[in-house]
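Here the chain labels run A, B, C and D in written order, and each chain numbers its own residues starting at 1.
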Amino acid sequence: MKKGKFGKYGGQFVNEILMPILIELEAAFEKHYPTSEFQEKLGGLLRDYAGRPTPLYYARNFSKLVGCQVYLKREDLVCGGSHKLNNALGQALLTKEMGKSRLITETAAGQHGLATVMAGNVCGLETEVFMGVKDMKRQASNVKRMKLLGAKVTPVDIGMGVLKDAVSDTLRKWTACSQTTHYLMGSTVGPHPYPEIVATFQSVIGTEIKEQILKKEDRPPDKIVACGSGGSNALGAFRAFIDNEDVKLVFVEGGGESLEADNSAAAFQVGKPGILHGAVMQVLQDEHGQIKPSKTRAAGLNYPGRGPEISALCESGRVKAYYAFDKEVFEAVKVMCRTEGLIPALETAHAISYMIKHKEEFEKGELVVLNYSGRGDKDLDAIMRYFHGA
Amino acid sequence: MKKGKFGKYGGQFVNEILMPILIELEAAFEKHYPTSEFQEKLGGLLRDYAGRPTPLYYARNFSKLVGCQVYLKREDLVCGGSHKLNNALGQALLTKEMGKSRLITETAAGQHGLATVMAGNVCGLETEVFMGVKDMKRQASNVKRMKLLGAKVTPVDIGMGVLKDAVSDTLRKWTACSQTTHYLMGSTVGPHPYPEIVATFQSVIGTEIKEQILKKEDRPPDKIVACGSGGSNALGAFRAFIDNEDVKLVFVEGGGESLEADNSAAAFQVGKPGILHGAVMQVLQDEHGQIKPSKTRAAGLNYPGRGPEISALCESGRVKAYYAFDKEVFEAVKVMCRTEGLIPALETAHAISYMIKHKEEFEKGELVVLNYSGRGDKDLDAIMRYFHGA
Amino acid sequence: MELEEKFQELKMKREGAHMPHVYYGDPNEDFSLKLIETLTANGADIIEFGIPFSDPTADGPTFQAVCERALENGVTPPKCIQGIRKVREKGIENPIVVTTYYNIPYVMGIGAFLNEIKEAGAQAIIVPNVPVEEADVLLAEGKKSGIHTIFQIAPTTTEDRLKKIADIASGFLYIINVEGVTGARESLADSTLKLVQRVRRHTNMPLLAGFGISNRQQASAVVATGADGVIAGSAYAKVYEKNLEKPEETLPEIARLAAQIKQGCIEGYRRRQGN
Amino acid sequence: MELEEKFQELKMKREGAHMPHVYYGDPNEDFSLKLIETLTANGADIIEFGIPFSDPTADGPTFQAVCERALENGVTPPKCIQGIRKVREKGIENPIVVTTYYNIPYVMGIGAFLNEIKEAGAQAIIVPNVPVEEADVLLAEGKKSGIHTIFQIAPTTTEDRLKKIADIASGFLYIINVEGVTGARESLADSTLKLVQRVRRHTNMPLLAGFGISNRQQASAVVATGADGVIAGSAYAKVYEKNLEKPEETLPEIARLAAQIKQGCIEGYRRRQGN
């Protein structure tokens, strides 16, 4: 298959201005990533700055509740509170290698923006983060964090003021500064080579899972469950297991309020293949190909497209796609709080909700790894408002 | 020396009601802690739930700024965002062994309260957290977290509504329920055996530092710097090095606004030995022995007493006591944000401030480990308000 | 008057002892003196004279507020010791037992402190946050200055400890009725009664039971099971705190309450002896 | 009229080409038709006919707002194609180059889409988010339906890519003046001029330069250095967006602007030829 293509998905559907930059990026990635020097630097930062390896935690109380053996892959313990830093550190190092001095990116939940500033500061790069005005309100605490860390946070008030609009605007801004500035894409979306780069940097998750579960259980898991939108935490967890068909892979997207009208982010349920932000993806759109806004309370899942690789994996049936509604998600937050003392991110709570909803189906000995992608500190106000009003 | 005594400090100055409970606790600790079963359970939780070992991160940019080699011991990466969980997990397990079903505690920054609920939930114990009304306002987000996790958070509005008052009230409440309930003391304070228990559970920090620094630098550090109040994170980091006089130990307490009047928490500067909350400690008090309230913007350092062990170590000169003023602390937060992309807790920023203030004194090759006790998410609003007003 | 004498006298009179607990200086020194006068005039046998402390961890909300007010009003340990003198100057001869938290004597110097209160006219000291394990200095210095060290016994106290405490105690033993802090309570648990009986097996020393006693019935019940008297404190503070502007106006009510509790002590004593 | 014919005609007339860019349907279809009429009546040689897309990532704020308004008003790709027909019905014969983002033809089917616009009267297509690497289908289907695929060349384009693009391009080449998105700009960088010269070394194909052109001077300068014409789009939208209630009232101003830019194209052409 052609580089950057995942079946019919993927590609490089960008303006000519950016093509040379993408080619340069791909070359830089292929040149530097495999070197032991790069691996050492990245490995060192992942270990000492980000806190890897993250634990694989046997959630005894939660397991009892859902009737099988559940391990949580603790990406919430990564510095900054989510898996996003794995990728940000990798790309920031790459940016240094390319001799660029600035990072731009967009963010919805703020987790990726935060990770980008952190990685930028460590590597001595300036950072500008584009963020939809609506998301800036919803994730106000992460905006504060980014600003405190020295990022320029630029509000995006076009469209609905959410992630889709921020990505569009960042792509535009990038065309004007791509020679000095790297667009640090935050998920396995965008034009090639981004999906590949991001998945590669995130695949440390699955590599660790593999080693850890063998040590603990002496066998691979029966199932890996991950939430997702672009798919970076899911692919990060899945990639090491894709060739082993015995390991079932489950992807949970944002159901929003309902699958009807424009109240969902469930692109695998109500979207179809289309081209957005540089690639063919499964995407929410109308009959004529106009992209539709997504809707979910989890800002980090609020994107109308699924990345090319996860799109292809779901189409082929290798990965099963599910969704969780907002209401179920908030309940799942509570369950995890009470059983394990952990406040999950609303995104992560989608995967948790899947486990709760399907608990009748699990067999007692079934071994499930839930990729616990992030902590819920950023969602604290939304969660409190949901349960206690105001 | 008598058990529970550190020179003239320490002891068991409690009501007769509690003495049998303290004796039982000491016995339980001595019986269970050394067993391989307990060690395994605790080790497992520390590793898989809390995320230990925490990294020892070489802070390149910060090192350049202060002119020596600074490693950060990343306790901010412990689940919940500070070192507090190390101790909470240990005591929660001990509570189970003692056959008790409830935990009570107090908290100022909310970090220890949070750690207690988390540990409680994991071990299947109910939790009630006492918190000064003033602290509840200052650390509102941690109050939300604790409640979400299912803790009963009981406001304490006696005195100034801060930690000292909460400790007093928790001690009182404990006398009424000590048969079923364990008081999970959050720092190396209180009557024997608490200072010993807490220091023991926290000493995992220093044990890790020792191993990690030898691996990285092939020699022990020249200096270890830690902030503190009761002293748990400091002793946790120091204990493994106390016998090695070549390793200088620095303890940084809350200077508050100024050392004058009642505007400080610097008990080593303006306090004297006295008896509070069950032990002889260095403590802020008036000429007649009435305990004075402490003052600092760092809720977690806002306690008038220094634990017995750290009191003795500072008195003997083994540990050097410094302090940082609020203003310097906020500036230190900014420096760490910009150099390393990390937002420190206001408490931790005291240790950072020490490094910045004394940068002229460090030698180039000097090897300093800064015990990075917690992340600043809980202080985000206070920090933003300080720098941007409102 | 020495404690021994007082207990001897009460035995003769076939009465249980009543020891009211007053924190000196709330809401002002003058009132405290009048309060003590009223109490002794209405059946109080021994005065527990509290020196307010900033962090009274063994005290409930009522006495916490009492201490806070007294300290805000500028009461200091030296003023309190002066207060003991004033009580004596008024001609009140009942034994005085000073209560305070350990930091107060610790800062002044234990020996100096005990000498001072002795000189001012006190007979004993209660330090609720000093258990036997930490009592060496207090005991030694107490012996030197002739001040009894009073120890407490709680429902949680083991047989082992009970014995240890009984061995070194002098003056009397303070029986803590309930697991908890000072403060008036609606009903007294059976455990108090059991505890009194349990302690009795170890010592013939007078036993005064406190914590939670606020009326005649409780006093009577506790003395009937074997205590030699009761301690009531918060119950009185609860009366005068309702009128802190003119606390003197509550003295008649306090007088009645004191008389009733004393009455309970008398009744209880006689019930115990079977008549 | 075919593109080749138009360029032949302009060569004869010694004029640079002016291609205004209009997103169809903003603020309504009627106005768009009048706008196109006005432009062609005032010197527009080729019409770049935009089909609005929800996420026009190569467009600046002016055209983003244009697309958003048009979509809100219910404009759809089929209505746009119908719009091309209406232009032809009005007797306007200038070549029409359709511009849209790739998802629009992708969803309809590339072949079907190209056939439809061809049938409606278009001569070429620009898809700003399809670089040569992704252009196979577009080229193949374009050949089948007789629609030129127009490629863009940017300041970042390497010699390598320039050659590749020049090899497969047909109709004309679209020179992107600046690194950035569409939108009127105050001044044009020297880089444009250099880029035109650079491209000229690889091809004799007509070169139209766009992005940032909003006046006669810019048009003249760009054509003078070797471009065969200029593209202006946002500059016109910026005129009528000031009066969206009655955009027709802005048509005289638009007419003047179009005439001036065309004048610049003519001047530039003659300056280039040295007279």
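Couple of notes before you dig in:
Simple rule for what comes next: a residue touches a chain if its C-beta (ideal position, glycine included) is under 8 Å from a C-beta of that chain, and two chains touch if they have at least 3 such contacts.
Bear in mind the structure is a predicted one, so any value in this text is a computation, not a measurement.
Contacts with chain B and chain C are shared by no chain at all. Put simply, the C-alpha centre of chain B and that of chain D have 67 angstrom between them.
Per-chain CA centroids place chain C at a distance of 98 Å from chain D. Rounded to a whole number, the gap between the C-alpha centres of chain A and chain B is 35 angstrom.
Within chain A, not a single residue touches two or more of the remaining chains.
Shown for chain C are the residues in touch with two or more other chains, of which there are none.
Under the stated contact rule, the graph of chain-to-chain touches is a line, running from one end chain to the other without closing. Pairs of chains meeting the touch criterion are A-B, A-D, B-C. Those residues of chain A lying in contact with chain B across their complex are 47-49, 51, 54-58, 60-61, 74, 76-77, 79, 117-122, 124, 141, 144-145, 147-150, 333-334, 337-343, 377, 380-381, 383-384, 387.
Residue ranges on chain A touching chain D, taken from their complex, read 11-21, 158-159, 164, 168, 171-172, 175-179, 272, 274-278, 280, 285, 287-292.
Of all residues in chain D, those touching chain A in their complex are 53-61, 64, 68, 71, 76-78, 101-104, 106-108, 128-134, 151-158, 161, 165, 176, 178-181.
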